[in-house]
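A short write-up of the structure that comes next.
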Amino acid sequence: MSIWQYANPKKFMETTGPLLPWIGAASLTCIVTGLVWGFFFTPDDYRQGSTVKIIYLHVPSALMAINAWFMMLVASLIWLIRRHHVSALAAKAAAPVGATMTVIALITGAIWGQPMWGTWWAWDPRLTSFLVLFLFYLGYMALWGAIENDDTAADLTSILCLVGSVFAVLSRYAVNFWNQGLHQGASLSLDKEENVSDVFYYPLLVSIGGFILLFVFLVFLGTHTEIRARRTRALLARERMS
Amino acid sequence: MDLIVSDLTVTRGGVPVLEGVGFVLRPGQALVLRGPNGAGKTTLLRTIAGLQPALKGSVSGAEDRIAYAAHADGIKQVLTVAENLRLWADVFGQADIQPALEAFNLVELRDRAAGSLSAGQKRRLGLARLMVTGRPVWVLDEPTVSLDVASVALFADAVRLHLAGGGSALMATHIDLGLEAEVLDVTPHKAVLTNALEDFDEAFL
Amino acid sequence: MIALLLRDLRLAVRAGGGFGLGLAFFLIVVVLVPFGVGPESGLLSVIAPGVLWIGALLACLLSLDRIFALDWEDGSLDLLATAPVPLEGIVTVKALAHWLTTGLPLVLAAPALGILLSLPQGGYLWLVVSLALGTPALSVIGTFGAALTVGIKRGGLLLSLLVLPLYVPTLIFGAEVARRGAEGFEVMTPLLMLGGITFGALALLPFASAAVLRINLR
């Protein structure tokens, strides 16, 4: 028994299929609990008022935006090294989810930023990095869409993901450097974790947990769809050959 | 050194097309592949040339010994005939392009831009490239396309010369070149449904 | 390999477009900017380094799809892949040829265009240095993008989408060197970072490009 047995598409479908509704339900419960708890049962922040409550959407989505790319990187590596189809397809399924999370993080950030900083958008290092990350997601998805052969597409996108990861990290540091260079000291720091008190912390944790489950749910769902599509194509190929 | 192909299964677009292909090509020997269009001759040749991986089986004696000529000749229109040949001679570390020009009757055309050649002349240039590679195993995919009778004879002579010099040739062609060549019909090797799908996407079914 | 480089250069010169098109595009971008932002020389001199860098980057991008597309269409790429030259070397030569035909002319033309944008006196040296150090990275990264999209019909737009995010660090540090140079600040830190990116890309990306090309050829 090893973890690799789940790399068999059939086994993967059989194992995760029955789990899917449960993960979905758990994710929904967590998100609803976290949001309701956060929105209605926590005090307003003394400085930011009720605006702070967007944190329950903003922070989890931002976390998942980065972690989705990280998951894609790991999945790409597994595909390149061990050639498990499920891995490549999971990476493919994760990309739109990650891109959506990035958009959510950017939009909620703008909504939060407007009353706080008086502007929807500032070229703060973090905001800029997320925008760049979004561009990487777009390129990755576009490449998947442009190539017809499944294995070729998986190979190429995996390598793009590896190279892209290096450049994404480089961009993060470059952007940090660039912004300090432009606006000396005018830093719009978003270091929330440190100054968030327990009252806000626990509902935030629940919400983050919900987003993680949501991500897992969507990736599994997407992978199932991809596996079914591959199965259809395999059956069609079989028909063609006979 | 022989080119040994054993139990080769090749795929096109992820689907196996030929399986269990095996033969030995000795120095001085020519082997002609036959089979209907779409049988997988091009795929087989590309696999042997190392351009795509085989699903199963092995090719030995091919490493850095094959000169491959495909449907497309890789000719640059704006360069002259001599410059086109010169490049490949340099890439393959060979010095002289004169014998190749002579063998394919290109001497008078040597300073013409390749773009102004006729289809048959381009093809001759493409085949002359084989001679400047200095490689012993020629792998040719439909080498006689758009050649007239005289040019086919030129080509056959070039192959004969190559074989006499200890080289070997593997080609997919429908034309009888008048060479002493063995013929391998790939039709019986057409990938059978059940065997082929054992490996192909089996996991998804 | 040298033969290959000479061939690519010869092709670029004979087929036209190689040098000319990129340079002309660079010129047009730079000419259009004052039309967009107004002719006031104070403003222009502030944005000049950035505009020149973005212009150079876009001009570079314009010619990327030619790196492999022509060799792919006429079958040369298949033949090169079976040649006794490692694909990594071919990819590097291609990137070098692209830089010589596109990047280098841009570097040389940049000071002249700097005059059009009233670049401050001290800025010319660092503009040229930053472009000379940064444009090879643009060519190498672009070659990777071109290798990724070589089999795709009408892949030009996709190529831009893939390559532009990868250009972000190079652009940031390159423009930063030029900007600091123009304003008379210390340029060493971004210059070193730019050099790091260029040499890092030069050392590692050819392997990725060659791997990608092999996948596309099969």
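Some observations on this one:
We call the chains A, B and C, going by the order they appear; numbering starts again at 1 in every chain.
The rule is short, and it goes like this: a residue touches a chain if its C-beta (ideal position, glycine included) is under 8 Å from a C-beta of that chain, and two chains touch if they have at least 3 such contacts.
This is a predicted model, so every value here is computed, not measured.
Taking the mean of C-alpha positions as each chain's centre, the chain lying farthest from the centre of chain C is B. Closest to the protein's overall CA centre, chain by chain, comes C.
Compared on C-beta pairs in contact, A-B and A-C come out with A-C as the pair having more. Separating the CA-averaged centres of chain B and chain C is a span of 37 Å. A straight line joining the Cα centres of chain A and chain B is 48 Å long.
Chain A and chain C have centres, each the mean of its CA atoms, that are 32 Å apart. In chain B, no position touches at least two other chains. Multi-chain contact residues, meaning those touching two or more other chains, occur in chain C at positions 218. The residues of chain C lying in touch with chain B in their complex are 2-4, 7, 10-11, 14-15, 71, 73-85, 217-218.
The part of chain A that touches chain C in the complex is made up of residues 132, 135-136, 138-139, 142-143, 146-147, 152, 155-156, 159-160, 162-164, 167-168, 170-171, 173-175, 177-178, 181. Those residues of chain C whose C-beta lies close enough to touch chain A in the complex are 144, 148-149, 151-152, 155, 158, 161-162, 164-166, 168-169, 172-173, 176, 180, 189-190, 193, 197, 205, 208, 211-212, 215-216, 218.
Residues 46, 49-53, 64, 66-76, 78-79, 83, 86-88, 90-93, 129 of chain B touch chain C in their complex.
Considering their complex, residues 13-15, 191, 193, 196-197, 200-201, 203-205 of chain B touch chain A.
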